[in-house]
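Dropping the structure in here first, questions after.
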Amino acid sequence: MALHRFVPTTYSNVMATLPPVLTVASGDTIVTTTLDAAGIDHDGVQKAPRGNPMTGPFSVEGAGPGDALIVTIDRMTPNRATGWTYSPLSQQVVDPRTVAELPKSERFEWAIDAGKGKVSLIGGSERMSGWSFPLTPMIGCFGVAPAGGQAISTATSGPYGGNMDYRRFGPGARIAFPVSETGGLFFLGDGHACQGDGEIVGTGIETSFEIEFTLHLRKNAPGRWPRCETATEIITLASGRPLDQPLQFATTEMLRWIVEDLGVDAVEASHLLGQMVRYDVANVFNPAYCVACRLEKTDITRAMSLLGRG
Amino acid sequence: MALHRFVPTTYSNVMATLPPVLTVASGDTIVTTTLDAAGIDHDGVQKAPRGNPMTGPFSVEGAGPGDALIVTIDRMTPNRATGWTYSPLSQQVVDPRTVAELPKSERFEWAIDAGKGKVSLIGGSERMSGWSFPLTPMIGCFGVAPAGGQAISTATSGPYGGNMDYRRFGPGARIAFPVSETGGLFFLGDGHACQGDGEIVGTGIETSFEIEFTLHLRKNAPGRWPRCETATEIITLASGRPLDQPLQFATTEMLRWIVEDLGVDAVEASHLLGQMVRYDVANVFNPAYCVACRLEKTDITRAMSLLGRG
Amino acid sequence: MALHRFVPTTYSNVMATLPPVLTVASGDTIVTTTLDAAGIDHDGVQKAPRGNPMTGPFSVEGAGPGDALIVTIDRMTPNRATGWTYSPLSQQVVDPRTVAELPKSERFEWAIDAGKGKVSLIGGSERMSGWSFPLTPMIGCFGVAPAGGQAISTATSGPYGGNMDYRRFGPGARIAFPVSETGGLFFLGDGHACQGDGEIVGTGIETSFEIEFTLHLRKNAPGRWPRCETATEIITLASGRPLDQPLQFATTEMLRWIVEDLGVDAVEASHLLGQMVRYDVANVFNPAYCVACRLEKTDITRAMSLLGRG
Amino acid sequence: MALHRFVPTTYSNVMATLPPVLTVASGDTIVTTTLDAAGIDHDGVQKAPRGNPMTGPFSVEGAGPGDALIVTIDRMTPNRATGWTYSPLSQQVVDPRTVAELPKSERFEWAIDAGKGKVSLIGGSERMSGWSFPLTPMIGCFGVAPAGGQAISTATSGPYGGNMDYRRFGPGARIAFPVSETGGLFFLGDGHACQGDGEIVGTGIETSFEIEFTLHLRKNAPGRWPRCETATEIITLASGRPLDQPLQFATTEMLRWIVEDLGVDAVEASHLLGQMVRYDVANVFNPAYCVACRLEKTDITRAMSLLGRG
């Protein structure tokens, strides 16, 4: 349960079986920094090419195919005072007949006030003066090395994680990724200070972070897609297009989890899901869209756990 | 602002320009009953063919094309002690490669305890004994006569409303439908005692209700899809397939609403939506899927109103 | 086997259970005229509101639910010298990121030279001078009254037919529609002088026609979606969104047809389809997209027939 | 214009920036062999793991980012007497409500008679005896190294090519791929002796081949997706999901090609495409579906050429 402070010097724009930058034991905590989506660090210096450059990969001793690597996001501290977004809405989220009415793409800077827990637009229109939103940090892109020797761009996502851009993957969340390669090889980056559902302007409020996280290994874990546990919820997330597809994959993954951990059958599980399931549209912008399937932690679901029972 | 008690004797399985069963003034309240989705009433008697038979239509004096008919759901009281669902999960919401593993379709009865605010399965497996869910009534299918002399099955939905199966359309919600025909012609039915997101078992807990609702007319209202206001939120909802399409329509409708009511432009609106939007998958089962686009009522959005400003 | 000459005086913009304009016997032939999609006749006079006004419905004696109404398109003669289209490509068929580059919608007239079998743009740019395309008439919108008392806009399509906009539905094609209402109630209109796959500019070359067609009744016919036979092919067509869905429905309908008419099982049918199937994107513009599933007539498929075997 | 005979000894299950197995000049011809999709060679020996192992990559002198690598498929000779497929139809191409009726997955062997140009099932049911299909060879998976240092599984496809499974990519076709890496790095494999549209049983008739092909370099070529020329047609092909998306990408690529090579504008191009375009569903099985957009070679389109004009 060591604490490692890791200062990155290299970054990767693909998630792949790369040499680890650090090897840790299950239960260890790492404090490190991430660049923003454009490769800019806390000093405003471009340290890597744009497109979600990743810090890592971090290897966990003993991790191998069939295991789960569980990352707990302990803390996310924006390490500079500004972030950026684009306007307007993405062409992908408006009625195709209205796309031509969208204004041109424009970049905006936001002030991040970590003390007050707020983000607010810099130099926006007078009509927007006074508009501010809660600081709600999240990791846009993280996960493990994909299977089969692939090297996959950090623009997209899959069973291994990647650019999921899900607003609930922030401090307090614990996310399990299915391991395909020795050591798991955990990458992270693309932090957002705030983001609505769907990442519908194509960005959150993009900035650099200091992030503290803890890695746990669970041997022979059953997940096929990212699973997540928060203080109040159980979540699965999957990728694909159109939205129907990640919804199908995330629902199937939740069904498997329920059957495994509650010991019920598919009929019983369907009663629980049919009445209580919640869906989130994580992103509807990236090459692979992401949908999350959620269940509140209740008397019924309290047995469902990323670290196993007992 | 009269109160009408209306006892239905006829029902319709299409939404269409039919002779009104009752004509009321804007602001009037109606107390009536609805059959369950299979056409069964509070006495267990089949009163209409299955497939969401509607009570109505109710005409509002002065309503015509270009107006909005705004229904406030004042109260929903289940008027019998049981409802029903089907298991298992729909083939449409699981990974196509796992559909063959789904068990056969089966019907289940649920006890509805309005006093305790709970629903619980009758005769479920021992493993499920003690499972109960909150009573959360909602109207599955409602809206106005569609445009152009169409008569559309209550299986599906469109700009006029219809079988949207959205769990937030319950007591306290106020929903505006764009009027196409004289009088608006409001229909309602298909009440659910409980339902998760997506209606992923193909039903909520289907039962009959006594429903109290109030109809308001807003002349020359701008909406093209259903808009909704609750105590805490502003919502648009749209229909289509795949899920990407109703998400596009609902987002565009929300964008229009923001621009109209807040007097901002598309860039400013994109900042608000980009950081704060929420999406719900209303149903992912019916011929037309429905997605809702939501914004919390905040200092920023408090000017957005179904009944206009001032 | 009578020949009826029918001069329409009324038109319908919905397909519905309307009073028949003419009742005929199975095997009878009808010669009538159709308006163009905007309601314009052979004299350039607007006779009905725009949006695919239909000639009909024609009732066939003895037709009822569970039967098939089989229409043979004997002849389509453009009855005026011009048609029209719109430019540019629809927003729905280009990369969403390029929609904003599309020029404004514009209407163009085409000369129709039935003698030479050609269509050519009137007043197009010099660069296009000399561009002409083959005259290849087709019926855009036709079919029978839909089920359940519905009245469905001629903008869209379904199991009953409707606005399918499929270029192979022209002279020589024989199309079977599943009957839902007494008499079948056959409608037709929206003729095109030419159209590519997908109707990707939102129109074919829209014009009015004199059409000769023959109606046959097949009692207790098994089809659930339109089936078609040409001189060289066997075709099924279905509707929905995204394109994946009508492809699924059309493939399933073809699978049923193969199993019925060839007496093979689903494995044997999959060998035939797997190696020999062809798909057409009929339209990718209307509210419901249409995909056709085709098989060449070969020694293997020669037993497949709309009029049954024997 | 040398002729190289290349005997592969290594294979790759990803397309990536790997060391070339052979470097050739533009215009050179290569004769080599490919394994079947399961990694089996002409002697029935497994030489590489299943999942479309590739022969290559072949580097072309002088090729770099922004160029096109044009492969002409000169000849495809099956180098063993059998191939294999699976039954039944894929779950992805039938109505979701009928998936449970599909029989279990089963592997079948086919006899390949290159002399007679036929394939026929071995040991099929009596009902199928005598069923045979034309031998129509095609390359399922080929293309160049993807951009950005990615290594992408040969299960899927993208702008660089990959597992497109398109039946018109056979002898006589000339296909241009956009180059991202030095040398282009051309891979090929996954030959099919026959395949219908869509690859709807998840395979063609999979076998090993001797393939002769010629590589040409075109500097500064404009394509963003694979473009193809056959004796009679001009084709673009793109990847994605649902089918709507590759149709959009392929149509946009064809629009670009028309504008470049015919010197017309988007309105003029839309007249040509609107009346004459054809679409093929290349595959509707792989992680990325593929759609091809085709135009016949006519007086109008004869100027469109992969090797440029002049």
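General remarks:
Just so it is clear, A, B, C and D label the chains in written order, and each chain counts residues from 1 on its own.
Operating definition for what follows: a contact is a pair of C-beta atoms (placed from the backbone, for glycine too) under 8 Å apart; a residue touches a chain by one contact, two chains touch by 3 or more.
What you see is a predicted model, and the numbers here were worked out from it, not measured in a lab.
Taken together, chain A and chain B share the touching chains C, D. Homomeric contact chain A/chain C: same residue numbering on both sides for over half of the interface positions.
One copy, chain A, sits rotated relative to the other, chain D; on C-alpha atoms the angle is 180 degrees to the nearest 5. Comparing the CA-atom centres of all chains against that of chain C, the greatest distance is found for A. Distance from the chain A centre to the chain D centre is 35 Å, each centre being the mean of its Cα atoms.
Centre-to-centre, using mean CA coordinates, chain B is 48 Å away from chain D. Averaging Cα coordinates per chain places chain C and chain D 33 Å apart. Shown for chain A are the residues in touch with two or more other chains, namely 92, 96, 102, 241-242. If the chains shown are joined wherever they touch, the resulting network links each chain directly to all the rest.
On the side of chain C, the complex with chain A involves touching residues 91-92, 96-97, 99-100, 102, 242. Those residues of chain B that touch chain A in the shared complex are 85, 87-89, 92-96, 98, 101-103, 106, 108, 119, 121, 124-125, 127-128, 130-131, 133, 194-201, 203-205, 241-244, 247-249, 251-252, 255, 262-281, 284, 289, 291, 299-300. Interface of chain D with chain A (complex): residues 13-14, 16, 51, 148-153, 240-242, 245.
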